[in-house]
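The letters A, B, C, D and E name the chains in turn, as written, and every chain counts its residues from 1.
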């Protein structure tokens, strides 16, 4: 049975939260991790895409950019003035 | 500046109001009339001019909700001195194909930007977007809201498909071998998700040129360069050729001698083109537009891989599909793109453009990966080194 | 960041271009027959139907205030039915149905300070980038240099008297936003010192493995600084590309004394005659000298003038140099040939003179 | 090895060439004016002085017995005052003062089985290497294939009816002894399997770090085999260059089933017209099929014939292909284009078709 | 073979006696008449033909006393079956410049080789040596003794200067722009030590061609390629041009159109060469030897670095010194060579040819190392990538 989108999103969120500050994750990293975990049959690329979209649209995560785009927890920018 | 709002005079920048070419400093000053932000921009820029260095800092996280691209975060490193540009983000607004506008559309954009930002723009950015130059984090979402309500959307930034662009094509050019504007618009629309939500290893650009003159420089700066061309013979009007000759054009010297394959002959009366050897460079057509025209069997070549030099040196796109008839172009392109993106997603490293990936894994492996057969049109010439990785198992006698 | 409004509109894409097309263009879309040039900056495209659309192209600083855009809009309303477009080199084009409108439009543009030209064998607008106006990465300004160079080349924009098209582009750092690497003449901002390392910031905002991996020459190594993990740069291995700075804001390369410009020549994009090709190094370094950058202006004008005097008809800069050879290019322009001109990057060997084809 | 004799002569270098020069050559040395071809293989060089020296060039198998060399010496005594030379392509040239000796010399050469020709737009002798006659490294024979190909091209040696010079060379392994890599047509012996490792021998005769360092693709890794230090080869990374075998005899590549030949085209050495250039891959693999190698012979003859029929005057093979394009070369010759033709080595990117210059 | 000495018949090799081209099998058989070694060579070769593989083994250490080069050791891997070729070393005998001989000199060589070896030779090896093909270890020293007594010496092998070679040059060619034979002979003689005693990182080859036709393929296979050329204008004889035209040569098509720089014009009567743009390719001269000749100010270009593909791909030599007048050539060359060898000795790795070293350290650093100034003639074009290592310290404003 396919993994629910919400469950994927939660799991992705956990990954992002855990690696925050240590390693920047890309959408592709999250997708590959989920597929590795559940297998392509249970969790398609498209499912992951929807999960990421949910994660972002809900505001739980945001995209960041440092030479490449990553998915991260919302936070105030280092460069932004106080 | 002269308006005495307490800021130092921009003496160096004032020098750039002189001279006949339109002045960007005048533009900033014009905008300053209604936008205080522009005073601080002038101020900080004057400091840069004095110190010979940028005073901007990276910004990585700002954007509009749900999108991962379309906004470039930017902060001043002199925020105390120039508080109005402490934030100075840009919005990249997706331009309409071919950069066509009505006066009303332009005014709508102006109004939105005057309300929410500096009132300064680039028409356009190098990728082709309408660039709204400088606003605060708070204004991003409201600007976006007004833009979408007016029918505009953001363009790309980050690891996404970037805003595709195209030459004026069939709208005003007799040489366009396919409908560049339709193709550009269709691809932009089809891949909205890929444009707004970064899911790629790095950026991916499309550019559409209607003929080999390549008026959007697709071959130099697009990961996928779609360049119009034709398959049959150049259309030739002998009477018009004669007119050019009569009017003083030196056909031997300026046309035949400059043909890269020397496949044209001019005997003083009749121009003969050995079309089999013509490489469709456009030169003769460019010189004699009334006499020569691209053939009737029109379409495009699809080339892959161009990019700027960072990191391993610049690349030009190279031929992937030598010819697709105009009618089949969009289907072929979409089918192809999905396979390319899959392969890239699977094997591409962070910040690795498709052209770099192809170089790393080898073109033949890339072709295998996307399911295309090798054809000689893909190479300038076959390999000259003997370092061939033969496939297959022991005892394989074939090639 | 604001929370999503109930009916937030997203993913609509740009407005469909058809809405913005002049009726005559819509009618003759895909059915143009040929074109003529009526004057520099003024084209006439003739359709199979016999219809004629007139294009008037005006130069633009690209960095435009809404005031100026509104001026263009007003001019369009007055002369071209409200229809206009911008070009791939950031010029503005008015699309006129009525030939009689050409001259009045040109007069108004002139009065407002916008030159008409840039077509055929003229120098068109300079494709350029952000510079100190917006980019953190820039080794030089963009708009300012463009202004100075175009002031000097003004007549080359309004006249079509060059041997062929001549395309100039400027990028303010090695990222080369724009088609700078394939320009007849490219002006490129360059750093000449390795990045400084802001160890405190680095610790907070950068991933060390990513920083190390970002360096194409392997010049960045991990290091412990004040007891904390950080990085160091092997200075001799750094060629100032700035890639580390792109992935990590704690490694700025700005250096007022050593930043500056370089000039590149002979690239092209079109397939006309010769294949598209990269620009090659002409001048390795010119110091930043704002506000008017006289050395850059002189360097560019000199190359343009020498080219204009020596090239044959329909020879782009690179094609001209191909014919006369690089030694003569350096001789004619008076530019010094240095060790920096000799490639030592990936494909170096292939750029050496590997034949006895020699001119003396 | 013998101990040194008391008066051992060393370091004298070769005999001075002047001793071997025909008196007429000595007299006119450096003062030749022009030359003419009297017949294929027969040249007449005219000196400023008006003197004429006639050259008769005969084909040679290069591998010569002393008996044949003595035959040449006898012919030289009879017809050319005892003076003769060999060419850079291993033909023998008799230098005649007396025009009347040309025909008798040609007759005697013909009788002895040595054809006269190889000048101008003929196919000259095939530059080649040792093959199974002397080299351990060879993936194929050399002399045998050359014999078969030249048998088939005999008329192309004795006639000058090609569009231009056509130079064929053969090397029996990737070391490419000879100018194989710059030939109009090159025949190259290739291995297609990684080296076998003779661990016992390796232990005794090879330095492991040297062996590892010898591999250009880094395919060789150290390994412990039967408790002893040795190496292993990552098979997918090996492209069979044989360099490890050159530095270590314990890593032979011979493999009767997989060794064979490849055909390369379009290289040249002279600076005439186009610059010197490397040969490019035409046929990736042809199995060894001794004694007459029919597939190789047919492949070469086919390319020569297609070239002869299609090229224009003074177009070398590579220049002809440049004009017609590679797609048409493959079409006209019927050779299949495969993945192996696409470069994936160091400069791969530069060999892709980086323009929209396309022929259909 | 047919002589019934107990060896199997060479049925496959017999096939190679057929056909019109001179047969190497016949040569081996001729030699076999006086040399039993050749029977075994035939035998082993027949086995190779049957099994499709070489039966030779490496042999590295044999040579003549005091020399490190000139002999290639070779052993059979079927010594029991073919004892006469159990050892089968070759001697490389340094040929006289231009491969000129008298009949007597050849006979002397034949006699020596018949006494001491197989009686088989290569006239010549690809590097240019007389190759004495196959003898036993014991015979090396006696062969060498007789050779030197007859005025011949060994050529190169291993990490030495290899036997230099040259085109026929001024001995019989009207185009030779310097005395190739004298230069080749002088260099060979000057560097006898470097030829015989391996002191280099790897092999080093010289080849001398009298003009850009490059009849010894110097540019493709010599570490130092000396190619004759001229500095002034092509010598032109208008009357002779007219004769060529009259005799049917299509000057426009076959000469002017094929000139690489298109610097020739033919108006049907007069040929005009824009000599400033001529690249001295030789084509027009080759086609009209009676009408056109190299200029009078003759000399040579010195190019560096050619080699076969092992390991990093083949290299062509590239221009190091664009022009040296003929009179100064030898001095310049020797001065240069000593500096090049010093640099190579200092920085070259084992098995690294000079061309590879230059690529590794960069041409500019190499030039610094040997004390030559960079000149634009050295490059096909200047760099196209922006990855410049600037020299000098902080604050250095210069280039």
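Heads up, the rule we're going with is that a residue touches a chain if its C-beta (ideal position, glycine included) is under 8 Å from a C-beta of that chain, and two chains touch if they have at least 3 such contacts.
Keep in mind the model is a prediction, meaning the values are calculated, not measured.
A.B. asks: Taking a step as a move to a touching chain, how many steps at least join subunit A to subunit E?
C.D. replies: Graph distance in the chain contact network comes out at 2.
A.B. asks: So which chains count as neighbours of both subunit A and subunit C?
C.D. replies: B
A.B. asks: Chains touching subunit B and subunit E alike, please list them.
C.D. replies: Touching subunit B as well as subunit E, we find C, D.
A.B. asks: Between C-E and B-C, which chain pair shares more contacting C-beta pairs?
C.D. replies: B-C
A.B. asks: If you average the CA atoms of subunit B and of subunit D, how far apart do the two points sit, in angstrom?
C.D. replies: So the centroids are 48 Å from each other.
A.B. asks: Distance-wise, how many Å sit between the C-alpha centres of subunit D and subunit E, to the nearest whole number?
C.D. replies: Averaging C-alpha atoms per chain gives centres 12 Å apart.
A.B. asks: On a C-alpha centroid basis, what's the spacing between subunit A and subunit D, in Å?
C.D. replies: Computed from C-alpha means, the inter-chain centre distance equals 61 Å.
A.B. asks: Subunit D: which residues touch two or more other chains?
C.D. replies: 174, 176, 181, 216, 241, 271, 276, 278, 345-347, 350, 354-357
A.B. asks: Which positions in subunit E touch two or more other chains at once?
C.D. replies: Answer for subunit E, listing residues that touch two or more other chains: 212, 214, 219, 227, 260, 262, 279-281, 309, 313-314, 316, 384-387.
A.B. asks: Quick check: what residues of subunit A touch more than one other chain, meaning two or more?
C.D. replies: 57, 59, 62, 66-68, 74, 79, in rising order.
A.B. asks: What are the touching chain pairs in this one?
C.D. replies: Contact pairs between chains: A-B, A-C, B-C, B-D, B-E, C-D, C-E, D-E.
A.B. asks: Within the complex, which stretch of subunit E touches subunit D?
C.D. replies: 12-13, 15-16, 18-28, 30-31, 33, 41, 45, 48-49, 51-58, 63-67, 72, 74, 88, 90, 94-107, 109-111, 113-114, 119-124, 126, 128, 133-134, 137, 140-142, 145, 148-149, 151-153, 165, 167-168, 170-174, 176, 179, 181, 185, 188-189, 192-193, 196, 212-217, 219-221, 227, 253-254, 258-260, 279-283, 286-287, 289-290, 293, 308-314, 316, 350-351
A.B. asks: Which residues of subunit B touch subunit D once you look at their complex with the stated criterion?
C.D. replies: Residue positions touching the partner: 212, 214, 219, 227, 229, 231, 260-262, 276-281, 301, 303, 305, 315-319, 322-323, 355, 359, 362-365, 367-368, 374-391, 394-399.
A.B. asks: Under the definition above, what is the set of subunit B residues touching subunit E in their complex?
C.D. replies: For subunit B paired with subunit E, touching residues are 257, 262, 309, 313-314, 384-387.
A.B. asks: Which of the residues in subunit A come into contact with subunit B in the complex?
C.D. replies: That would be residues 26-28, 31, 49, 52-53, 56-57, 59, 62-69, 72, 74-75, 77, 79-81 of subunit A.
A.B. asks: Quick one: which bits of subunit D touch subunit E in the complex? Just the residue numbers, please.
C.D. replies: It comes out as residues 1-5, 8-17, 19-21, 25, 29-30, 32-35, 45, 53, 55, 59-70, 72-74, 76-77, 82-88, 90, 92, 95, 113-115, 127-129, 131-138, 141, 143-144, 146-148, 150-151, 154, 157, 174-182, 210, 214, 216, 241-243, 246-247, 249, 254-256, 259, 269-274, 276, 278, 288, 290-292, 313-314, 345-347.
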